[in-house]
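All chains are identified by letter, namely A, B, C and D, in their written order; residue positions are counted from 1 within each chain.
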């Protein structure tokens, strides 16, 4: 439904053309310094009209915080917030009154509810994500301040144009193994990349040469009244080990759930992902080494920071596939609601490619998942820490001192 | 945690070497004819020792139903069930007392709980999935009987050996588009494949030639004391439209969550998935056509049966990536819990490749997700159907008669 | 936390002196005709300043619906709504800056969050209930239209002044039994009472003579700068049998939970309640009689419409105890936050007795509980109804035709 | 449904005459020393056949722990456990095959599920509470060891025979106020009573004179083939302040929910409860005094340890009403399932009064609620404690040092 999270929870409301969209964020730790500006920064990165690559729909997307904060500090009570829908133009969508847009949510919303918003996609609109981005910005403020957690997403592909992440090629047909799941160059990029570097280019791809090719691909789609998909990769650094709840709420299961709830997503992989399935265990396994200051580190981190569904304090990275936007201006042969065949040429405003604007949404959902899992694990850890140490167990059954 | 589902819920317990593993299945519709044998069939497909491709650990995995069924009919009350752990052999694992197995859950369980089962992976053991398979078998019985829903999973790749699902190749570097996300041959396979066909070959790949190559690949891994990963593809047929709860519980989000909670999974994609992101919208969009008997159907179904997070009554299909098993007999250079570098050579029993045995687990989780979403949507649909028809809305805002 | 419900859910935000209070109502059936006025009616019954018995704080409490409704019909998507806090006056509370108000939430909020709203009670303010009342009004609209469900709460006591509900007296010390748990006169009142009758008197007690005595008692409290508690009784008519989820979510457990979440409540009883514990089983048991039109009815309904945690289609009635309001203008000997003993004389606006205004809040929570349980039971019932009838069971194990 | 709790969760299965009843307890802190005996103690206090006041059904109720514990220490993973149903005798209930027992769950289970267990009450059987008692014993072990929390329930009334808790009488018709909600003698009893004292008498009433009168009342009911109800009062000592989640999950709301989910309960009150509503605010308010060692204490604790839905570190006490058992051997004029009027004389085994055996069940549910709320609050508190102290707020908005 419209609520996500156990201890850190976000509930959203609003469709594209109603009075406002908004959210209630419940479970924010009390005592966190928080201003509207902390939230606005990410909303602004998400909003349309940022470059000629995105929809011309130009909303200001100014957040109005209603509750939960006093004198610049969170009270621990729910934070209500909203963003007004200023630029509504419901009449742009008259064509869709007759035709369900192919691969869009028009038809399935009708199947589900028996009724749909007159103005099109309703809750499937990207405007719904405003509440998520706001919640994520709040979680992120806490995570950064207390744990130094850094969350950076970037565009890793547009159409066939990929930021390379491996040295091996899948066309190596002679071997029946693949040696390299994720290259060390790529892992280095993941360990240093910043949001500033990502935002240098409108595509939000951190490699300027690849970004330029992506730009050309998007412009070609736009010129052809067409659209193109892509992938977003996200890295989360400095997450403590131990997050994720066996067995149904493994860390990657919660992360996958959150990411696949973002509109237009169709795929998710963590660490070496699908490619890693082709690498034999002897190479894919990630050996341990002593970590400076205590505990263990791993060598390759092809696991993506999660083993057995639990974070291991390495860098977490994952990739999400976004399909090509369903709404295109190009004429499409399809059928009306009543089955009559015909041609639909959508008007209205739409992005030829959503991945650049998806970047802050992915970061937001990542922050929400980490925050919620952290609170749950803190509950357990605090509870366990208050028990006297167990002295009767063999030493290999208990965590050695210094691990974290 | 150890509970999954809202209205149809499964809660599991048990690690690899305790007295038993089991589950409580809550929310099963009353009045369903159900016998232990209905559950046993899928447990037997899951259990080890089925062929020379799987672990020699030979458990009978006999289910004992404790409650919720009387005279062969479900009462609507929780169904408790358990399977005894007969073949325990805890001493096999002495090596792992010193070394956390690379890419396994030994170390992360310690990070999380500060303590772990002496016998190794604990809850990360594949034996935990017994409860899921049992729950799935119950859900499936209902779904098949009432809706004719068919759930069939199969092995779609082992290492680099793939059952082909597209006619285009990714090496086509001249074009900057991909035309074919999923071939019509493959979609035909998905629309007809049966569990019997899948079980014909021990690898559970329905193409005998590809299956044979997969077998060789697995045997090569086994002989080398190594392991290899793979993918499982699953198809669900005859699911009604309208399932999936906007916005956080979109159908693919719940499905992804469920699949990524299975041990060793690292990737999930639905419909055209990652590959579909490379196809322009004009080609990727799935036009509507009138469906015989009313409502609309789609032409390509590259959406995989889900649009806007809601099922559209087309075939649902998705793919899950399983990494190469972490436990291998081959010596591995790694570190002990205390950081001392050394060599680990695991003994014990382990599968060189888990995907053949993962097939019934994937089917089970799929059944659980569909069952839960169906109950939720039925609650809404029943509620809405009792209201008088709304006559004041423009006809394009409401579902036309005959759609389903 | 701030979310209640499984399929019909309300999430609220807002404290007494922030920008607004509001709620997101998720899971409302689509296709329900709904206007702001439907919600406003109950908000107006709840708002302060209605008579000289309530606080002079005079807010208009105008609801602003943000989403989820189009052209006067619900879309099935979340309904966001808010009410602005117009009359804030934060400086009224300067005394409480030094003293936690005795029996109020000032001190416990600090214990919980380590921080509290400067303006006093924060989320413990009665203004938080605005979101509940709005959600309840929406649920009620549906319940009334589809099932003819009627929910009427009234004031059943103020201080020691009770609307009599039994013919026996507790002072009958000679017998060691009590014969009469709830009188048939009272049950008749419960079966016919309307909201209009309740609202005839400002105290919302339907017996004008008792109401008058209650009024005098409240005025006496007011004149003495004191306060007085009371009870609210609520009746729900025409609820279908079968609601309530064994075992932890029994109907009365959910109802009790909902009622005890209303500010100032300390007690809850259903049917014959505490008094019923004194009546022997042979008299307390509620025999069955054939119901006209099929099924069974009960004779006394001292069960209050619920047996075994499940509704039996009789009238549901229950009583809630509200303590005397903690905020009084009279001087109180107490201690400051730092432990310094002293005298607190609260200023500000406060009700000498909350029960008249609690009436619509109780009705709202009742509507939310019934709506949520109805949706859950409908999910099961629809699922079961699609199975073929079980013919192998003895007839006494299955529901006879005609029962409902 | 059959699961209770957020972070500490119990899920139960089993009806009265199936193979076993049992539970899965999830979220137990790891590292707790725990044996089957810890659980057995409370199961034995709950089991039938303890005295001539309870049912002769003589089950051993031996617990079998399946998982989650190794070498006497909890692993943090789910604890599966079961108790076999050894004494089944399904044929005792032949009369109930024709008649739904008045005030029992036979009829409502049929309304809900359309089918019911042949052997009578199914899940409404008191045997279902075995899983709760086991879970409670585990929670209690932790709470006692870490926080010194003591939970003691006792029988406070049987029929009209009450353990007195106030000095005032309700028959004081001259005054329109009541001065004394809970006497200081009673509060003293609550602050010292132990389980050993409670168990001294078979009725589990700690006052031997009152206990004796209660015994006579129960025997009289037994001899008359009748039954009688009563109340159980429970005290929880040493609970930290700050537990309970505003606004829907206030501490008393969760507690009330848990208690009203116990079979046969019809009423719940905390602190001064219903009686407190008759005491004016000026007397009912509980002034603060400096607590030795820092923080504040309250003078009367008529609040029952909870203010604003949050614990204030005073003693928590509450009372639960249990109706007279519905199953009596005496003939009852009632109707059969098909509406035919007739006479039912139940055979089988049943308690004339359930409150003595309800004592450990009440304690168990109390322990579960405290444990769950403690884990949730610990998550918040730990999170907040990691933030830098806020220095910009007025001192009255933040918790003074030393409070707890």
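Throughout what follows, a contact is a pair of C-beta atoms (placed from the backbone, for glycine too) under 8 Å apart; a residue touches a chain by one contact, two chains touch by 3 or more.
Protein names from UniProt, one per chain: A, B, C, D = Chorismate synthase.
All values derive from a computational prediction rather than experimental measurement.
Contact with subunit A and subunit D alike is made by B, C. Distance between Cα centroids is largest for the pairing of subunit C with B. Looking at B-C alongside A-B, one finds more C-beta pairs in contact between the chains of A-B. Centre-to-centre, using mean CA coordinates, subunit A is 23 Å away from subunit B.
In terms of their C-alpha centroids, the spacing between subunit A and subunit C amounts to 40 Å.
Distance between chain centres (mean CA atoms), subunit B to subunit C: 44 Å. Taken residue by residue, subunit A touches two or more other chains at 1-3, 12, 27, 30-31, 70-71, 73, 76-77, 112-118, 123, 246, 380-381, 384, 390, 393, 397, whereas all remaining positions touch fewer. The residues of subunit D lying in touch with subunit A in their complex are 6-7, 27, 29-33, 70-73, 76-77, 142, 145-146, 246, 374-376, 378-384, 386-390, 392-393, 397.
Residues 1-3, 9, 11-15, 18-22, 24, 26-27, 30-31, 64-68, 70-71, 73, 75-80, 82, 112-118, 122-123 of subunit B are the ones touching subunit D in the complex.
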